[in-house]
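There are two complexes below, and they share chain A, which is joined by chain B in the first and by chain C in the second.
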Partner chain A sequence: MAKLILLLLNWIFLCCNVAAVFEDQVGKFDWRQQYVGKVRFSHFDSHMQSSKKVLLASESNVFAALNTRTGELFWRHVDKTGPEGNIDALLQHGQDAVLVIGNGHLLRSWDIGVGGMNWEMVLDPGSFRSACLVGHQGAVKHLAVLKKTVISLHYLSNGHQKWVENLPESETVDFQAVYSGGNGEVYALGVVPNSHLAIVVYSLEDGEITKQVSVEAPWLSSIPASCSVISRGLLTCVDSTTMSLYTLDLHLQLEMTQIPLQALLASFATAGEKTVVAVMAPKNKTACSINLFSAETGRRLLETTLIFTVDPNGGKPEKLHVQAFLKKDDSVGYRVMVQTEDHTLTFIQQPGRVMWTREEALSDVVTMEMVDLPLTGAQAELEGEFGKKADGLMSMVMKRLSSQLIMLQAWIAHLWKLFYDARKPRSQVKNDVSIENLSRDEFNLQKMMVLVTASGKLFGIDSKTGDILWKHYLENIPLNAAFKLMVQRTTAHFPHPPQCTLLIKDKDTGLATLHVFNPIFGRRSQVTPPALPQPILQSLLLPLMDQDYAKVLLLVDDQYKVSAFPSTKNVLQQLQETASSIFFYLADSGQGRLSGYRLRTDLSTEQVWEVVIPTETQKIVSIKGKRSNEHVHSQGRVMGDRSVLYKYLNPNLLAVVTESTDLHQERSFIGILLIDGVTGRIIHEAVQRKARGPVHVVHSENWVVYEYWSTKSRRNEFSVIELYEGMDLYNSTVFSSLDRPHAPQVLQQSYIFPSSISTMEATLTEKGITSRHLLVGLPSGGILSLPKMFLDPRRPEVISEQSREENLIPYAPELIIRTEWFINYNQTVSRVRGIYTAPSGLESTCLVVAYGLDIYHTRVYPSKQFDVLKDDYDYMLISSVLFALFFATMISKRLAEVKLLNRAWR
Partner chain B sequence: MARDLSFRVAVLFSFLFFGFINFVCCNNERRVGDALETDFSGLSVPLEHSFELDDTAKFVVRGTLLLKTGREPSVALSQNPLSEEDRVKLKEVAEVDGLYRIRVPRVSLQADRQTEWQVDGYLTAFVRACAMVESHLSDVITLHTDVSGYLIGVSIVTIPGACRGTKVEDEVDLEVFNTTLSIMAPVNAPGPETSLFLERMEQETEKKGKNPQEQKSFFAKYWMYIVPLVLFLMMSGAQDQSGGGASGRAAAA
Partner chain C sequence: MASPGGQGGGALSTRGGGGARRMKWALELSVGNTRSRSDRQGGQGDVVYPIGYSEKPVPDTSIQETDKNLVEKRCWDVALGPLKQIPMNLFIMYMSGNTISIFPIMMVCMMAWRPIQALMSMSATFKLLESSSQQWLQGLVYLIGNLLGAALAIYKCQSMGLLPTHSSDWLAFIEPPQRMEIMGGGMVL
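The block that comes next holds the complex of A and B.
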């Protein structure tokens, strides 16, 4: 009998947790955008006239082919991150593209038609310099790879090595380029910086040195930075200091000839027999003109001007990628792909028509927030009525009447639009979203995603469609900047516009700047942020609001002085009143020091507690607090015997994770400290022995979940800590860190997880009634929605009547990945780095954005859609039943009356 | 200004006084306790406290912590009662909602680094002074160590912890500390419990092997439960489908 119940229970759980997507729901609530990253190499496929491919190799180690007509991806290959997968060179011949990867470690050949791999070769070690295709008698069959000390020749068909030769004088001459003109010779070009150019010519057949010359070039310091070999052995170099172009015929090796020119950017391209150079020059502030020059003569080609309009919200042009082709009348036509500082690719056709743009900055999202959309005008009008102070009965009535009138007007307009749209054929009706007609939907499911990217470009994306609604490029962002995005004022305070603040901090100097903007329109706010001359240690957003409903942002500088933004009189007064209850902490992982401070009325601070973790044995790797917008619905858990176990819900609790400095697999450990951020009290201290990072932590409600690598068992493990106050609550009305003398009960349990993970986050809903799930980003690109129910330290090892009553799942050491738990079905999210969750207006629904190389947005329903009627809900049936019942009662009532009357007459 | 000066003098005085008493006290403690052992593997560090009207930290010695080092560290505290001036000051500080802070030096409880401790920083903690007063100096002090036995944090709470504004009239209540002291090392977090689980699984299979009756298939054993369940489900499903018609007919009849 017990077994049956167990089975039934299991069956019920299975049913409860099925969260898969139906086929017709694909793409209905979710979207994915795939990116490549900042482009390093590009190559237009020109072996066929009709080909519309451009090959891109990016700094994110991605190799992809784009459709030049639409800008969409044909295929994409994502390699390892870091220097191992670094793409050094991209060569293309016919259907084959050859990549040199990992500083000359690997040679890979791809078929560009379908994106499949032809072959892969491991090269001899050596630091990579250059590579080129080697042709002979009209056919390209070889490939030359130049390393620091050697040059080698490989077959293009299978990658095998034909010969390898040492480079002469490789200690003094820095060989940087290799070239072959198709006449059975291979030229290795080396440079002695600011002195001369060395050219070594090898025979294609056996690798013998046939010639060795040097050419004076005192202005040249690096070949790849300024030079390019164009058709028929013409080495062309751009000297940026004198703004001139040098050319050198490699076959003749005479003096370099100098051609002065005025340009910003230049790029070479070949069309048929002709080689052209596209030169971009600034025209005025908002536009650049691109012209085509003949590379042989340096003459400008007629009718080749193209205008590129510089986006005021974008960066300056950085690189040109030219696709040149021969027109029917044998003149040269071209299209350009302009790469700007903000990693945007713009593909332009003559005379300046933008065919497509790709925002590659989105491949590196650092942080994001979701902001509610504003109400429609009519709704806002009504809301505004409640916000204002009462001023007389009559005016209130008038105001109400006028707002009702406006609503009526809007409704009629809406009806008219419906009617008008209905007459048009369906294909013409477009639901185009623009900033102007954005408004909140009934259930607040559509929001504005504000994304901050590492390049310093900010984006506003509509969460429903994934369209980019605004973008803003911040210039002068330091390379190693840390970003923190805060929503100071939400859209709830009409007519005050919503306000977001981005804190940009240089990690080296600690100096920070603030960018204040409107998250709906992306425009810089009217409010001028304060200048921050001192390095900033900590920033905190207080729940205090100024008279304009903007939350107060406190910034702590390195003198432990606090400045407030906004810093109006009202704010300062409020701060003075509440100063003694404002505590904050600072963490210095270098010294292992965690210290707590209290604000004083004069906005200076005093240190109130200090915890020091000795850095000799362990270092702090992460500190996680709770999210401030999190709601917990129930204060406790009902036990099997109907008593209540109260949760320890400390909003100030910090989970501090440390890793041991000793990485030996027997002695390494991970420390988990739960510290109260106000009092500095160590609530719990645990050590996971024989474990190693990277540790991923989620801290929410009364639990902390962390994932680590167990060095002893060589597997990934999850551990969950839950905190309970016990059977009675100390103070049920309010929680104060200063008045909670009893330490909570701590329960902990661990599980085996069959995969490593990339990132982890918990779902979040409006009121916290819905059960929680953990969203786990896996390296495979899947996003797993793991019910928190499985990570519960109260899971019993031996099943009892009480645990069954409580619906606890019996303990099993392994957490199984069920395929139906993947929320992104086949929509793989490459290199997922972060998951952002936001509540929607529906309690059952949580909005999820996963970002990494790709961006994926979907909705999850951890407890299924308990507050929504299904799509296929049978309204007809229910209403017909209701009507039928209604009439049946009427008729039977009538019949009963007649019967009664008849009986009375009898 | 004059008052401030006298105040400071008082503080100084009390400090001297304390130091003296302390010394005596410590001696007493040692004589009373198992003298040899504590001398050999013990480490005595000062426990200092500070409560000032302007909330600046001026730490004075409150007592001495006797830390017993080694595998199982333990701690003992000898402290002296609060002086008259301090009691008055503590009450004054409590009235302005000041803080009562304590600190201990960072030391290691490892056996090889004992007896001598150098000051390389302190660990501090606080409670509200009013809580200290209202609880009649009943505090709970916990020292936390890390894996290697280094002190990493100290925490102080009072029981009860709340400040209700009740006046402590009797000064005698504020004389003697009623301290509960403990030392906490990190607990070992559990790993996945595979052995127990496997044991349980084995037991179950054994049970199955013992009585072959249970080897029967699932349906063969539980058909009497499943058939009604399925019937019930089917019925409810059918009701959904033809609910309208059925009710209509019922009503008409």
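The block that comes next holds the complex of A and C.
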């Protein structure tokens, strides 16, 4: 019988071993959102009147051009992460944009029309300070780069150096800015903090110093932070302590003139001949007003007020990017891009109309969860009916009738909507998703994605369309905070709202706060989180529930005491009853300590085991347990002789990865420890010599897959460990780590992988019947769906009858990347940092979200869509054949009757 | 059995003529009853039997002995039928092999179904064997033959691997074990 099933499965596998999407499925259930990151520089392209580009350079080392009408990306270039790709300056002239990259290491010129690179120059080493364009006699042909000790001039057309000069007194004066007015001179501006401003003037032709002056400026400490040089050599500085504007004409170099202001933020812009400054001032709590001032005179320009409404769920304004332009009547008009603390960009037109917003915080997602949407009103009504206590027959009947009436009403409304939409052309049908009409679809494919970003902003995104349904900005998030998101109550317990808890821990102080919210609406929950005076080490979500169906969250503090949230009497009682079976482990990478604790009834803990990994030789890199919502359908594997090899499914198993501290390629190694988290028993230990991290691990079911760099062979390798109990189960009804006398059988195999990887995750389905795939995020931006079947330590080197019977693929050292395994076809996901998988209501379907600089959502079908009819299923043909057959039967029956009757008469 | 009354009539028959053309009407020129009527009323009407003619057939004692033997033989044929099929089935089994494809499956189904069908209609077979003196023995032989046939089919299923006799066939029904301890934790945040 099993053979028959195997044969069928084999057949299915052979028939449809294509994982890629069809052309007409593109964008049907997948979407991608591209981000830039926190904006550092922006430049509105003004060399053409009709241009609608804004150039952005961000702190994530991304250089992009946005459409100012829609906020969409024209093009985007993603550079290396870290200081190597750091963008120091952005200059634009005409069609060219010049970037200084990597602390003055590289000079790159881009064509802004198409986003192609013109040239690239490597500069001399030196700490970069400033750069500017140098014009002479109306034409801009050069570019000046100021470093800590030298100033150099380059040609704009090819980047070659014209001259390089040392800066005078560079030990005492901190040169911070460079400026050229278009008269054949280059001004280097240096500052001696809180004393004076030094100005050195160079000749454009040969780099001779023509003039050297100093101007008193005791309030000035840093030029880039507060000053900017505007048209015709006017240095304008904003002093935030005295709230005043200082101006200095660089050509005349007299005293600084002071203009008092009442401002929050200011930004300069030039339109034609006029230079203006946009100043933002708070109006009331929810709005700010932006006004335009003339930079020359300091007078406010009339009819230029613009109101910016501060989003209550967003941050405060941080930076203004002004696009000024001349109107037909020669007055100055402007649009402004407001950057807020939560990295949101809002582009506003007069008198306050928001043209678009971009949530750049989403370029840095830290952690996420997917939450089921609530049931529809009608379904909830039914649930409520059965949820409440029975109160008399008559009222129950009435309740039932009323709920059925509501269902009928909803059904009619649905039908009407269908009919109404069917008449409209397809492009016009908008699926207007709003928080009010969110409801679970019949296969639970649409979920709410709750994303936590590094800036402290939380997002709720509809997984079907990618629309942001809610956002919430948490203020005062420390810079290096650790986040842990947990779903305490799902939407399954109807009258109670779903509840998510975010643990935010400041790594410096160790103190943590809890943010409890409703994941569907994003609102803060009414439940008051407990105050946590002690530093928190870890948290632990128990499968126990309180009387309101909220899972109990245990917080472990630095005294190894445990506090529960919620901590009602009911919960404490339950905890006392089950305390003896609650264990937790803590890993301290710094001290190389891995220890297990058991809960006592008084909520204190006792240490049960401890494993010390000597920090001199190796350090703990990561620990992977199993996902709590993972189901394993099959308890074993069928062998070729039809016996069963039972899997070792230890829910308490931990995979600990260590890396050697010695990075020499001959001596470096990585280690994998499989430890039982309850008893501390080491189940298996593997050391990979001549190997180096970063190690990516996936731990699921009875297997651990990890990827590392082999320094010996200079290649990436995958290794898989599988654990089996053997031919018979020790205890088939309960699993207790404390009662496991036999060690499992361990099988291991390794493979060569042709690419390095960024992240790895395994697919997850509702019941675990569907075969598993590994989702591998590649640095190239592809997401590969690699069948687990290829990573199977039982793959034989010599094919036998039995292995063929088992459908084992013969061992081959190379794992090939097939192009049809890319689940994101050409939708590259830049800098994938994590992949999140969630089961859907369909057993065949797994929901996947890849996040990094971009966010990509799709569905994967590891065993094909065995429970869904295909998209191109021919309903018309099948139904018409059915109807034809039905009518043929009816007619032939009638004919047969007539014939019989006739015969009987004879 | 020809009717005595119809002897004299050279009738133009409208019935029974398999390939004969059908007439709308027919004229019977001979005197006497039409054939159709004589069919129904033959033997009782106005036909006078000759003397010494008996309506009941005279039992033929000389033939009876061999007839009984014949019945017995026929019954044994029935009873031994399933057993006789077994060599044939073995041959088919051998020829069809152990691979699972549509034809061997059909063969096996036929092989299994026939004995089962025969066993279901056992009472009808017994009625057939009623006239035999060795009815019970024959019945037993028939039963054994069919059971052997069924056993053979089961053996074939077994050798083809269609019987759930291995632990792997019951693997899907094993429930995941219940977890006794609750464990969690991780790296110090």
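Note that in this section the second predicted complex is superposed on the first by the 835 of 906 C-alpha atoms of A that agree within 3 Å, B and C clash if a C-alpha of one lies under 4 Å from a C-alpha of the other, contacts with A are read in each partner's own complex, and residues count from 1 in each chain.
The definition used in the following text is that a contact is a pair of C-beta atoms (placed from the backbone, for glycine too) under 8 Å apart; a residue touches a chain by one contact, two chains touch by 3 or more.
Every value quoted in this text rests on a predicted model; they were computed, and no experiment measured them.
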Does the superposition put A:Leu302 against chain B (first), chain C (second), both, or neither?
neither
Contact-wise, after the overlay, does A:Trp609 reach chain B, chain C, both or neither (first, second, both, neither)?
first
So, A:Ser892: does it touch chain B (first), chain C (second), both, or neither?
first
Looking at A:Val632 after the superposition, I want to know if it touches chain B, chain C, both of them or none. Which is it: first, second, both, neither?
second
For A:Ala531, select first, second, both or neither according to whether it touches chain B, chain C, the two together, or no partner.
neither
Could you tell me if A:Leu738 is touching chain B, chain C, both of them or neither one (first, second, both, neither)?
both
With the two complexes superposed on chain A, say which partner A:Glu685 touches: chain B (first), chain C (second), both, or neither.
first
Based on the A-chain superposition described above, do chain B and chain C contact any of the same residues on chain A, and if so which?
4, 7, 731, 738
Chain A partner, complex, touching residues on chain B are 55-57, 97, 99, 101, 106, 121-128, 131, 140, 142, 144, 146-148, 150, 152-153, 155, 157-163, 184-194, 196-197, 200, 218, 222, 225, 243-244, 247-248, 251-252
Looking at the complex, which residues from chain C come into contact with chain A?
100, 160-164, 166-169, 171-172, 174-189
Using the touch definition from the top, list the residues of chain A that touch chain C in their complex.
1-4, 7, 482, 484, 503, 505, 507, 512, 536-544, 554, 556, 578, 581-589, 620, 622-623, 625, 631-636, 638-639, 642-644, 649, 651-652, 677-678, 729, 731-738
Flag every residue of chain A that touches chain B in the complex, lowest number first.
4, 7, 580, 598, 600, 606-614, 617-618, 660, 669, 671-672, 675, 679-682, 684-689, 710, 712-713, 717, 719, 721, 731, 738-741, 746, 748-752, 797-798, 811-814, 877, 880-881, 884-885, 888-889, 892
